[in-house]
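Just so it is clear, A, B and C label the chains in written order, and each chain counts residues from 1 on its own.
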């Protein structure tokens, strides 16, 4: 699935346009309507993550890091939480375009808030999200032991993700495999025998021409592990034709056509949502027309297919499942889990914490998303496992080319992992910048305090005190301080700080700070 | 991060003494906000107020010197005319109509509530006390004690409690006291199971270990740590059980009545059974009205119990 | 550990429970006067009564102390020597306890199977639906429904239904289409020449071949009018039992669905893009069923209590009605026998519940 050659290509491309934002969050506001009052958990936060980047997010517990992660996927538990306004664009697609339609919030008093949900809009919204979640962004949670479904085998939980998003690619690949003739294969083996130095490039070319790129790594390893040509041949045949004998090509093609119709229709539906956000009537109507045409032209053909599938499609589905399991095993070895066979069959409670978290990462990676949201992925693990998981995530970032939003309260981890970092305080982003710059010259007083709180051996000898702390504690977000939320604890506090909220302004390229010490711009 | 560091510096071996009360205070406030639970609480309180009033000042209903109450026994020929319908024109006694032998329903039901509630509370309280003590000891000491208690409760859980209660009553001889005794015998294992599980959990908590390390005796740990921790889910169970036990109690006396035996003092299930034969003639109140009193009480304690569980379970707190 | 081993271990655990059950029933017996026990154990009409009583004393081990007495009791129980009972009110029956139980038990099985299957079939989809939509209108209605049927005493429900839907209770009632007592109408034709699959049992109870469940036997024999007649007799008792069990299951399933909805793994499922319907059915319900199944045992115990009450109200010749008759007729071995049988039924039900639990929850197999 992830061929090495491909990744190298990708990386070079990635460097070319590094400024491309894969995730763009603008003015995101999330509230929790609790019985004690409205918790303003996120107060208009904005940031963006570029393709292939590891973006850190750091702050004290309760500052809204996890809420940010959940809000990006609209996974905030509702009730009591709700994304109220703002934009989250993943790969250019704003998942909150229809936010105004979904919920109406009437605030009578702090403790009495009526949230009215529009069921139809919500259904549409959920459909749209199910196309984004998992496919464009995957999520890794804090507690792997709680986040894995205890009653489903690890394998089922990974294949579930693959089968949701990859029916059509799987069908394509199955058909390609069914099309492959044995002569072609013999030819390949002969060629490899003749030219042993260039195995990789020959294989690569052969896989491309036969549209079998997703099997390249496995074919490659067969060549590495076996030497006898006949043996190699039979191994490859059993890999490629596995499960295909039980199903005829016609029903495979039928399934492929059906799924490609579904995919087309879904994509059109998604672009319709995207278009509805803007007010370009022409665009909307043209997409609507296209969708209608597609439904007229192809939809009628497949109207009975979904029923037919229940009775005759079992075999095809079984082949799909087998292929999904093959891919799942591949992903499990990608996250460095030994013996994927056994892991697939295990229930979560039979795995150690580190293994559970790897399974969790495998689940997130299963549909090859280009963004991973990791919400304190190592907090619940012991120290040695922590290091392994961190290394794994960093390698995956290089190997798969996925951007990572890395959320943690541990500055040391940030320093080790991330390219850029955002510092959060009480629902606000107070500073953003390159990791090294932030560590070298923190600008915001809170960042300064946070960095000062790291215990170092040096500080002990210097001042006789082993740790600096920031006076006071995280404010109650039901009644947050006016103006800059940090001002009651800030040692540089000025009169303006309690009156208005500083804007996150760009000081130099890629460096943003929200503090009146650096700029007098006010956020309204 | 900063905050976590600070907390760690303070050290948290023993929970702060005042925190439990703070917690109780906020729990209570949350409970007050739950409207349904409050309705349940108010209704329950009203029921108990009636029962207490009736036992402290028995003359208020006048049932105790109601000579016809004795005629409540089936086969008594005092007055075999049909019951009269609810009517607000006469004395308040007849507001809810009359039942068998023209006995006024309202004062008799109110009087019966005292019997039902008093015995229900007695059964639940004794069952709870025995169960909590046995369960906590089993959970705390573990080993052979635990094994024995678990097996004994297993046996009790495999007894269909209604049939078993009837069998006990049969062997001991039918009387109010024996019914109560039978229900006590079958009711404690629920609490033993519940508190045993909770005691096991509590036992491994840090502060209990710390307390043991500092030389506290087993008895002291049980009394000051284990049992208080076990209690809050037990409150929920008590609340729900008040409903189950009163129903069971009434069911036994319903059977007694419908099979033609007599029961005195008067009980609600027994009242329902005496009205049963009138239903076919369209005379509904002798059955429906006492049933409603039972139904409302069961609903009320269940609402209260659900509300209590919501506020006591931190997972559900918002 | 595999499921197989769990089941074996669970089966072994039945032994101490069974011993406990026999001890309790034995203690109930032993606490009564021994002369009374000996005379109750035998057929009162048997010739040579004095000798019979001496035989009974020996069979029960009445003069051999409590330990040997218990061992005798165990032996008698497991060899099927459950004593003799003479019932007069309301069932008229005279014979051994075990054969009496054999006569009445199938009817109760029929009742309980219908009620259990029906309530599970209804409650699971319904509980899933309302549990997935907390605080919606459907949820409020569902909660009101389940709480009220949970709180209505089952005997009140039975007598009220009997009046409203009972045949001939209120003259001219269009709803009154269901017979209110017995298992089927014995027409004069049946009385004169019963079909070969009907065996007339003792005391007016009619047994059927081969399953002993009359509705199914009539269907097997092809007598559809009798099958529908027997079925109509079942409707009201089954309905009452179903409603009370349904309310209980629904309450727990709804609560555990809400718990499951707040769990982390549901968040994970959503983060994968699992469609909402599948999140509810696969991820939430699979987990919510686990705590629900654990209370099923308790609910079943109260269902058995309900069986006694309902059989009383509907004069339904089942094991609960038999138990009541034994008490009213003062037949001690009848009382002990039915109590023991109820215990066995509940032990088996708990066994099934635990196995279902282990199948649903892979963690418990350890």
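Just so it is clear, a residue touches a chain if its C-beta (ideal position, glycine included) is under 8 Å from a C-beta of that chain, and two chains touch if they have at least 3 such contacts.
Since this is a predicted model, take the numbers as computed values, not measurements.
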Practice problem: Between A-C and B-C, flag the pair that has more C-beta pairs in contact. | Solution: B-C
Practice problem: With chain centres defined as mean CA positions, report which chain is farthest from chain C. | Solution: A
Quiz prompt | Separation of chain A from chain C, taking each centre as the mean of its C-alpha atoms, in whole Å | solution = 53
Quiz prompt | For chain B paired with chain C, centre-to-centre distance based on mean C-alpha positions, whole Å | solution = 25
Quiz item: By residue number and range, which residues of chain A touch two or more other chains?
Solution: none
Exercise. Check each residue of chain C and list the ones that touch at least two other chains.
Key: 262
Exercise. Enumerate the contact residues on chain B facing chain C in the complex.
Key: 151-152, 154-155, 157-164, 166-168, 170-171, 243-244, 247-248, 250-251, 254-255, 258-259, 269, 272, 276, 279-280, 282, 287-288, 291, 294-295, 298-299, 302-303, 315-316
Quiz item: Which bits of chain C are touching chain A when the two form their complex?
Solution: 262-265, 267-276, 282-283, 286-287, 290, 360-363
Quiz item: If you look only at chain C, which of its residues touch chain B in the complex?
Solution: 13, 16-17, 20-21, 23-24, 28, 31-32, 147-148, 150-156, 159-160, 162-163, 169-170, 259, 262, 297-298, 301-302, 304-305, 308-309, 312-313, 320, 323-324, 327-328, 332, 335-336, 338-339, 342-343, 345-347, 350
Quiz prompt | Contact footprint of chain C on chain A as seen in their complex | solution = 70, 73, 75, 77, 126-127, 129-135, 138-139, 141, 143, 146-152, 157, 160-161, 164-165, 347, 349, 360, 363-364, 366-367
